[in-house]
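Look at the two complexes coming up: chain A is in both, with chain B in one and chain C in the other.
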Partner chain A sequence: MAHGHVELTQEQTVIPQGHPWRTKLPLIAGVIGVGGLVLSYLAVMGHVVEAKAFFHSYLTAFLFTMSLSLGGLLFVLIQYVTRAGWSIVVRRVAENAMATLPLMAILFIPIVLGLHDLYHWSHHEAVAHDPVLKAKAGYLNEQFFYYRAGGYFVIWILLSFIYYRGSVKQDKSGDKKITRRLQNLSGPGIILTALTLTFAAFDWIMSLDPHWYSTIYGVYYFSGSLVAIFAFLSISIIAMQSAGLLEGVVTTEHYHDLGKLLFGFTVFWTYIAFSQYFLIWYANIPEETLWYAHRSVGSWQKMTTFMAVGHFVLPFFYFLTRSTKRHRFALLVGAMWMLMMHFIDMYWLVAPSLHHEGVVFGLIDVTTLLGIGGLFLAFFTWNLRRNPLVPIKDPRLQESLRFENF
Partner chain B sequence: MTQSLAEKYRPENLEAYDPIGGRHPLVIGGETLHDITELVCRPIERKTPKAWWAFFLFSASLLGIFGMSIAYLFWEGTGIWGLNNPVGWGWAIVNFVFWVGIGHAGTLISAILYLFRQKWRTGINRSAEAMTIFAVMCALTFPGIHVGRVWAAYWMFPIPNQMGMWPNFRSPLLWDVFAVSIYGTVSVLFWFTGLIPDLATMRDRSKTKIKRIAYGIFALGWRGSNRHWQHYEVAYMILAGLSTPLVLSVHTIVSFDFAVSQLPGWHTTIFPPYFVAGAIFSGFAMVLTLMIVTRKIFGLENIVTIRHFENMSKIILVTGSIVGYAYGMEFFISWYSGNPYETFTFVNRAFGPYAWAYWIMISCNVITPQIFWFKKARTSIPILFVASIFVNIGMWFERFVITVTSLSRDFLPSSWDYFSPTIWDISCLVGSFGLFFTMFSLFVRFLPQVAMAEVKAVLPEADPHYHPGDAHHAEAEGAH
Partner chain C sequence: MAAKNPKPHGLLAQFDTASAIYSACEKIRDDGFKYWDAFTPFPVHGLDKAMGLKRSMLPWIVLVMGLTGASGGMLLQWWVSVKAYPLVISGKPLFSWQAYVPITFELGVLFGALGAVFGMFHLCRIPQHYSPLFKSERFESVTDDKFFIAIEAEDPKFHPEETAQYLESLGATHVEMVEQ
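Coming up: the complex of A and B.
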């Protein structure tokens, strides 16, 4: 009985020759990316902006893009560990987001170069006069920072490589053993990713204010990354379908699930953000409240309020109904909003350690975002061309194609 | 091509369910719709077995001990416990948090697993929900009795009075009253809603008038009509949606009891998600302990299968690892903070006078569940049973470690003291198990402990595209 089996055609699974997603998009994104970075570089060299300002903007854009790559890796690992069936048709897109990790490793270099402009603890003379920094110098020192960052990237790239290669190999062989192997690896993979992501969040973001500490910080970046990846997956798949790709492969049912997860993790992010804020506010210990005090000065206060409304209240009611999640345009609008909010979140984490007096959002923030984001998109779309857009021989593909919410 | 159901479920025919060894049928042994009703109802309908009496009387005796301890507590006051000056909050709060935590599995299984389309939950949700309600009852006892002046316990509620006395609305202890009582109420509603069709089944099968009336009252006139089912499904979905944030909120607020303070070891931002994960962890362990026993006694092996246990052990592994992550973060940040009080607290936990409790906690909560990385352990009943009990022990000790180690080391070293429980501390804890097991034994005796209607809905026969002649459900599903 072969009925019920959905056979995918070539047009459904690959980007056709001459299609703009194959020819133009990687190029355009690449030009924007390089242009953005060159402009930012010129701005620093021409003393239009201070190096310090540049590096903070760069770090913001880097963290934002990084959460898409890491979110992709987490998404893929979670699908394997839960043996999910519904998500097979969208998994390749996430795999391509994850495959940008080597690029992100290269884009980390400027942060190394700007270490002294970003991190107060990296100055020996500052540490020498600060007993708290002296106490944590065993962790917060330049050398160990580099080793750790190197370690994170090695683990992430290795994992993404294993998963990408396994998935692509299965496209040819259809070997079920690959799925089994990747499933078995996914548990330890998640643990490794969770730990490295946590310490990366401590190193790269939390240590911007080296006196401040919060045990939930790793979970905060984790939850933001998941919001970002579900938003990104929704946007890119809707864009692909509008361009005539993945026709009849991804359906309303898959959008519905992506929307539900985006909604769920938006609430989860709120839960984590609220837990951190609330406990610090309530206990009112100066060494902790200082971090929030920086974010309650002048226009920062407005942005903090905007975060609560824009990252939680509005999307909560927007995504609550079934129809927004099942309507392509409505989901697109919501997902773009969440992606924007995630960027604002990253900005809100980084920028107050430079601009104490209020929000200073300048052109440099735009050019660095275009730079890193453009290169990310170029790499992402370039990867999309190389392999089928869905894991065509995944053993659970049929289940995913026929998937229905009820 | 006609094929018996038993034939259909032979291992070599299971391939079609999932190509890589997952998605096995949830009910095994070829049980039909009617078989399920028989399997679940028969133990309730037959004459009370002696073993049940033995267990019931044993539990009721423990409950009696609880009653006596509480009576003596009311007579003498909280001085009968081992509380001392820095440790003013002892086993009462430890037991409260322990029981509330256990009460998390039921509603998680019914609500969150429902939203995640985890159909295997149908085999265990009824017992787990019942367990949740009994655990919440045990939990609520402790704040009720530990107030000292028990005749003023109603002050916990914001009741208008001529003295103009109000509870402190900024206190997480008051939020606890709200959170736990709302959680208890919604859990009972959810449990009862799920019970209605099964109560109707019990009513229709009952042979005596008393039983028919008793089950009939609670079946609320259920006739199984299309309209009834539609309302039922909608109600169930709404309750699942409402329960989901509740499951998370209860232990979040319990964690606030500690975390809003300024005490090192209590005040740390990871507490809310860490407490929730720990609660789910202990709740699943308790479900596992109970189900391993009841499934055997009541012969439910085909409905509560080894795969159910495997799935539960995976959740225990995940949540246990999250708890381990939280311990690690606390420890790391206590050092990273550069705050000598933070560092001292954690070093004191691991190597101070309560090191024994700390290492019991670590070995039970972090190390024990790691055994579930292996399929052999996940499918071995003895290992599952022992590990689940270890987890429960470990989670009790976690609350003990958190509560007592931080309190016993005051900021002023001259106030330091060591907490030793008295016989009345122990009798209250043991007695609360009496309450729990008494309720649970009554439940398994009088109510269907498996959600029959829901289990039937996940049988292949329930699929609209099911044809009795088809070899495989998976193909039947694609027949449209």
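Coming up: the complex of A and C.
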């Protein structure tokens, strides 16, 4: 039981001058990001890769990275709505993940350009001969799609801006009213984010199969996003601590909680994934089962089984014990595995609508991921330099520093 | 009614604050006493560490019970639908594991929860209807606002007078001998 007031020093809360996280990391990540995107672009222009294949790979990488940004926003909102004390020391890292949302809005532009390569419903001639698509045309049409995507990004960026600015302002003033104001906003904020995220998942992923529908789809993407953000927070904070940052600020107790949440949401993802599958399997109606039929052909069947084992069975037993969550290296390995599984999950959602026969994993999937992921990391680490690594004047900071699990 | 030659059960020491009993526990732990326990009116955060208690084996009981429940649930449904009363339902295979998942899951949770509750009962040795400590009138306030430590006479380091003095030196406001 720790007593008394913990005073944080400058070294604990700020990246020191000349530290590789300040000088090298944003640059390296940026070079990888730009390199990955340029390579992907050249591959399409030089006809090494078909445009259709490129856009599907790009969408996969985009959705994966997007879940980190959105996961950051959801994490921050959840901490405010629950008035959590433990998480204050890790909140700024999540805030910086959420601050990449404007970048993600820019990276959405290629998806707009590749609309006809990605989405079958965007072809007028296809819709004209298809009674199902005709009935859905009021929602699934190009113009409304753009307006909706714009609306989602406006809401997300606005919310992330309000929360980032409030948190940083409190670093200087220590004004407790900011916390109260952000708490009051977090309820409506969560509803807005949940709804926009649900519809974004419908628009961007589910409509790849425009005949098929599943009402739980948004929750599926949401649960995966939270798995991704808890894995990302664990990995980035372990990386920061092994580089000498946040020393004595983030403790085993905070890792334990991140591990618990990672474990919990891995199980939650399974619950949602199975719920979706279970109802469709039971009813056995062709228009619903088609989506799963695509994922039960050839090597897709193997990948589906791998998802069940790798995204649930293995991590369930791995994260079950207290010692894995409290051991830094064990948590790092588990979190990296879950982040990889989340990428495979995104691939499993997108790619079957292009490659019907089996899994075709190519270099273009790697270069697009390096491109978008690199730019995300560059933006993330660039932002980390600008402000203290923890909200230094948050009213619950002391509670968080002294936090202990039962 | 006191027996003719009452054997001592142990010494009961009263403390008035949570922090007093916390630091007293740390000292008793460090001085190597074995048969002793602390009693508080509410959970004192971190007292298990101060007492040097090992981690409970309850999680293992819950794991074994949970797995038993889950595999039992799966087995039961397999036996019912494949062996005992095979019935084709909506053209699905007899062994349709998908349909068994909810009950498998529920039985896993049920057995795990029962294991947690009754495992805890067993590890805490409850229900325990009688303890010699109930003879002490002061001990009644353990459910109100007082904190107690009892060192049993069985402890190899126990000595009726020295241990009583020792407990007083730890900040006990009252020390008494409790008979068996």
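One rule holds for everything that comes next: the second predicted complex is superposed on the first by the 403 of 406 C-alpha atoms of A that agree within 3 Å, B and C clash if a C-alpha of one lies under 4 Å from a C-alpha of the other, contacts with A are read in each partner's own complex, and residues count from 1 in each chain.
Keep in mind that, in the parts below, a residue touches a chain if its C-beta (ideal position, glycine included) is under 8 Å from a C-beta of that chain, and two chains touch if they have at least 3 such contacts.
Only a predicted model underlies this, so the values are computations on that prediction, with no experimental measurement involved.
Partners chain B and chain C, once the complexes are superposed on chain A, run into each other and clash.
In the superposed pair of complexes, A:282 makes contact with chain B and with chain C alike. Contacts of A:67 after superposition on the shared chain: neither chain B nor chain C is touched. When the two complexes are superposed, the chain touching more residues of chain A, out of chain B and chain C, is B. After overlaying the two complexes on the shared chain, residue contacts for A:404 are found with chain C alone; chain B is out of touch.
Residues 1, 278, 282 of chain A are contacted both by chain B in one complex and by chain C in the other.
Across the interface of their complex, chain A is touched by residues 18-23, 248, 252, 256, 259-262, 267-273, 317, 321, 325-326, 329-330, 333, 335-339, 373, 475, 477-480 of chain B.
Chain contact summary for the complex, chain C toward chain A: residues 22, 45-46, 49, 59, 63, 90-92, 98-99, 101-102. Per the touch definition, chain A reaches chain C in the complex via residues 1, 274, 277-278, 281-282, 284, 320-322, 404, 406.
Looking at the complex, you find that chain A touches chain B at residues 1, 3-5, 83, 85, 131-133, 135-136, 139, 176, 179-180, 183, 187, 191, 194-195, 198, 202, 211, 213-219, 271-272, 275-276, 278-280, 282-283, 285, 287, 395-396, 398, 402.
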